[in-house]
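Chain lettering (A, B, C, D and E) follows the sequence in which the chains are written, and residue indices restart at 1 in each chain.
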Amino acid sequence: MATVSEFTFSNFVKSVLWLLFWILMIVSLIVLPIIFIVLFYVPPPVINGVEINPYLLLTMLINPQVGAPLIRPTIESLFFRITVFPGFTFAALFATVLIFAERKTLAKMQLRVGPYHAGREAFWWANSLGGFLQLIADLLKLLGKEIIVPSGADKPIFWAAPAVLIIAAAGLIALIPVAPGWVIADIDVSLLAVFALLGFFPLTVLLASYASNSKYPFIGGLRALYQLISYEIPLILAILPIVILASTLSLTGIVEAQYAYWFILFVPIGAFVFFVTALAELERIPFDLPEAESEIVAGWLTEYSGMAYGLIQLANYIKMYALSALFTTLFLGGWIGPEFLPSIEVFNVQVLSSSEVSSIFWFTIKTFGVALFMIIIRGTNPRVKIDVLLRAGWSKLIALAFINVFIAVALLYVGVVGIGP
Amino acid sequence: MGVEMGRERIPGFELEGRDEDGMDRGILTLSVGPQHPGSGHFRLIVKVDGDMIVEALPDPGYVHRGEEKMCEYRNYIQNIPHLERPMIADSCGILYPYVLAVEEICNIAVPERAKYIRVIMAEINRCIFELYWLGIYGIFLGHSTMFMWPMADRELLIDLAEMASGARVTHAYFVPGGVRNDLPDAFPEKAKRHLLYFKNRLKEYKDIFYDNPLFQARTVGVGILSKEDAINLGATGPVLRASGVEHDIRKVEPYDVYDELDFEVITMKEGDSFARAYVPWLEMYESVEIALQALEKMPSGPVRTKLGPNPKGAVGEAFKRVEAARGELAYYLVSDGNPKPYRVKLSVPSFREIPVMAHLLKGAKLADMPSIYWSMNYWPVEADR
Amino acid sequence: MLLFGVVASVPALIVAKMIAPRRRFFNPVKFMPMECGQVPTGEGRTRFMMQYYSYVLMFVVFDVMTIFLYAWGASLFALPRAVTLPIIIFLAILGAALGYAMYLSARRDIW
Amino acid sequence: MSQQGQADTDQLIVEKEVVDKVTARFGEKVKVAYVKPRRIRFNVSKDHIIDLARFVRDELGFDHPISVAGVDYPKNKMIDVVYHVGSCTNERYRSFVLAFAVQLDRDDPVMPTLTPVYRGVEYHERETFEMLGVIFEGHPRLERLLLPEDWADIPPLRKDFHIKGREE
Amino acid sequence: MGSVSGMLRTLASGSKHLAIKRFTLRYPEQKLKFVGDGYQFDPKEGVGIAGYRGRHILYHDKCTGCQLCSIACEGIAEAISMVKVDKQYKQNKKGIMPQIDYGKCVFCGLCVDACPFYALFMTDDYELAAYTKEHLIYTPDQLAVKPKYQGTYEIKIDELGAYHDE
């Protein structure tokens, strides 16, 4: 058995092949029989009146046209929505693009090049990606690293924290409407659900830091707790005028209320407060003091390594996507924008209508713009101090948020917006 | 935003009445360093009560390599390469007083042109150092752009230094009796171009860093060092001048040709971290001015007095000091008449800032630690020697 | 979505645990908590008081209050105009209380 | 140095003035080692060093500690501890560096600390303590500073300590 | 209000740099241009001639095996050791020449200053990375080879900022 110090590439390849071999063994000997047994007893799903059985799937492999009418029903199914489009895959992809955009934008602002070399010599097509493969390399690196659990750590909480953070971030994206009808959980009080889910993060961070049994994570966790709860009240108050103006707590309803004017025109102060508090909730650079590396090493992330760290970062970027999307939804009119893109058709069967494609396009563009602005903020600002942060959050931002509420009420009573009583 | 904290700073409540380890009362002992992103090769034992630093004990010595002992085993010329190792970001500055001291001990005259070249190189090195320092100050406060810009612009000046001396970082350029080689012909023109561009770039730093309200909120009013404390604790350089003491060796005791050049000593009255960060920025303007003036005034002629291979010093001692980028850098050189120095003592600015740092950190907030620590211009490698 | 979060994150951890190099022999130094290269002293989890405890107390009070406002905000159209005045008064009281709490929290340094 | 030779003939007047003031106050207790342009050195016994330091700080304005250096002279069986101080407040003596040295017995190097007078010499004295073995009485924290914690050899800047491979 | 304008100025300064040219030198593809062939020394005048201080070049027909370079290096890096060479030169009776260990060399160039016979100079070749420590030791034969270094890039300055260009 090779020890760690004798690491060579051939050993690495050997271990990967060995792993693949075992996976294949397990799949073919255990998983496949189970699947067959299950298929034997469980009735196949019926979509659009067609029974989806293995024969049909095999037919589709030869003649894809058979499957074309089934695409639309499939993507309307809850499973597809959760896993792929407005759900997890889309968010993870968006987060990946965000990471890359962040690295490139920051590099450009700092007169650097950014990721550039990854894969450039190995694959001819990597040239056009301009270093995008660096993300894959980073992922592989994180996957290949040992996850060190410090002695004395509270192991269940320590392991659960990354998963809980991912779950909470995923819960946020479930509430965000991407296009008319394209939302996973369309509930009437989705805004309150957003607040409830945001309340998850400080608790998880505190638990994770406490579970590490180390000093720096402990201080970082406390800081995160103070920061996150302090900025929750301005966040909540900043959205109140939106609720007043739209007269609904549902995010879909809020977007639909902005069909004519975006709410940012009426309550710019609220948008500002929300943006600042979103940055604080994200622990991004002006407010990244829970991870302030020059004071407390890496804050509450100090003891996390390998994929556990990777998952926390992924959760952070998914949260960044979710909060940018929330900003878009609340202030920038969500998916609303001119229809100009053609519909998507597969074998002459319409999959997405023109309005849906445009909506998705507008939503994505706006969200990306908001996220890009967050990145530029990161490039130009240092970190703040915790006392300044708390003081500013509790005095200035809350005062601004109150002013904002009064402006909204006044606008309503003067009759500029809304139906008025 | 600015600082609106109306409350007064607690002047470090005492440890008395607490347990030996302090744990029961909620005092946490953090050892910041040596493996800490914000420390360098240096340890700072910090006792915190909540967010307040109760006590800070600097603990240097992780990179001590006995430069002073090494000097006793090498002759005057051979000492040059290793003496600039403690501070390679300012390698001309740390070598300058040594060269002056050896010249006094061995009684060597220096050609006029060499003096000007030395001043130019010293000022370019001062900028190189201060940009390095500023970049790290940026990243200490979480400003990644401020880390990258000075590192990029530093390259302009390193290019100049490399053109003159042949090495990018450890120049080993000053020797007793002048400098190693004359400047290349293209140097003055290139130097002017780079220095003028660099002067324009400095304004951008003000826009993105010094005028940034978040930066000001972190540094204004933080770690105020009074004038009396600064003097009595032996602070030097920008730290001393930021406290309002107009003390610059280039002015008070001009060496080489500094008395023929026109420049101002930058002082600020506030004595806080912002002033300590702002003084070097203003000094970079002065450095560029000095270098440009020296380029104009530089006469032609020889640049090095021919020297025997093993110069012997007279019996006696010399104490020479210059204004390096971090402050007053002094060499105390004792000679017993041999080709090797009997004793060399480096009085480096970084070492002199240690008590100042301990004094300022006591009672500060934990979040102020990086901004105070790095505004001290403290370089562990230089302090340990 | 919750289920899917589990489905997405747990395998990543498991796969990482499988691929990653494992400890061949137990190295106690490696599993020490981070203390900047020093041997850790003292407990990581202690009774540790930040100076900003007042903000937590304020949060406990005002978070509930602000959520109440949503009930009002969402149904503002349905309410008669006269109801707004009491809400304004409520907001004023809230603001005054907040200001007083801020004032107090600024005066006390150690909680 | 040529540059200093010319300009400092009148400067030496000021230096004489400092020497006169010190000798007027201390008389025979303080010996003048040399007076060079801008550099003055006094030798003083360890009993009077604190008085001398207080005097030059308060009366003459030499308030800025620069360095503390120890020099080992095994032939004379003594260790020289040299304090260099400069002036920040007194315009007249601004360019001067005043040195005052104490000769200590090499086998029993004990002297009072100057930290009450110059707070800045605390770490310099600690360095001299561990590099030359000089014990400063009354120093607030006379501990290991730069050397490794398990250093058990003689103080390294003593002349009988040799770098490995370079014993001559 | 001052803080608001400061914030805006900060943002403007940051976003302005999205349009400014990158400074980075993409090293393996682009290499810096240096002045001259490398650092040389004129023992008659006692001054050096400016140039980059990279690895050395040894002129076999001038080296006398006087060991001065080795003596100079003894107190600095101990990188130079004298070794026997096979060929015979009439100025070099002992047949020894310097061999330089670049794992130890600090590139201070004081050995060049010490050479009184114009035999040891430095070149602008700095790419000396090797896989083993033994490869870093350059024998006199290796030192005699004149390196090929083609650096063409240098810093250009125009209104769009400083950048590296050919």
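What we mean here is this: a residue touches a chain if its C-beta (ideal position, glycine included) is under 8 Å from a C-beta of that chain, and two chains touch if they have at least 3 such contacts.
These figures come from a predicted structure and were not determined experimentally.
**Student:** If you tally contacts for every chain pair, which pair is highest?
**Tutor:** A-C
**Student:** Based on mean C-alpha positions, which chain is nearest the centroid of every protein C-alpha shown?
**Tutor:** B
**Student:** Tell me, please, which chain's centre (mean of its C-alpha atoms) is farthest from the centre of subunit A?
**Tutor:** So the farthest one, by centre of C-alpha atoms, is D.
**Student:** Between subunit A and subunit B, what is the gap in Å from one C-alpha centre to the other?
**Tutor:** Measuring from centre to centre gives 45 Å for this pair.
**Student:** Roughly how many whole angstrom separate the Cα centroids of subunit A and subunit D?
**Tutor:** 65
**Student:** Quick one: subunit C and subunit D, Cα centre-to-centre, how many Å?
**Tutor:** It comes to 57 Å between the two C-alpha centres.
**Student:** Which subunit B residues reach two or more other chains?
**Tutor:** As it turns out, subunit B has residues touching two or more other chains at 1, 28, 36, 51, 73, 145, 152, 208, 212, 214.
**Student:** Find every residue in subunit A that makes contact with two or more other chains and list them.
**Tutor:** 109-112, 215-216, 219, 297, 379-381, 386-387, 391
**Student:** Residues of subunit D that touch two or more other chains: which are they?
**Tutor:** none
**Student:** With touch defined as at the start, can you tell me which subunit A residues reach subunit E in the complex?
**Tutor:** 105, 108-113, 116, 376-377, 379-381
**Student:** Across the complex, what residues on subunit D touch subunit B?
**Tutor:** Residue list for subunit D touching subunit B: 1-3, 38-39, 63-67, 69, 71-72, 82, 84, 86, 88-89, 94-95, 97, 99, 118-124, 127, 131, 144-148, 156-157, 161, 163, 166, 168.
**Student:** For subunit B, which residues are in contact with subunit E within the complex?
**Tutor:** Checking each residue of subunit B against subunit E gives 1-2, 73-75, 77-82, 145, 152-153, 155-156, 159, 162-167, 170, 172, 178, 180-184, 186, 193-194, 197, 204, 207-208, 211-214, 216, 302-307, 309.
**Student:** Could you list, by residue number, the parts of subunit B that touch subunit D in their complex?
**Tutor:** Going through subunit B, the ones touching subunit D are 60-61, 64, 66, 68-70, 73, 100, 103-104, 107, 109-110, 231-235, 240, 245, 247, 252-253, 256, 319, 321, 328, 330, 332, 334, 342-343, 345, 347, 351-352, 354-356, 359, 384-385.
**Student:** Name, in rising order, each residue of subunit A that touches subunit B in their complex.
**Tutor:** For this pair, the touching residues of subunit A are 106, 109-112, 215-216, 219, 285-286, 288-289, 292-298, 378-388, 391-392, 396.
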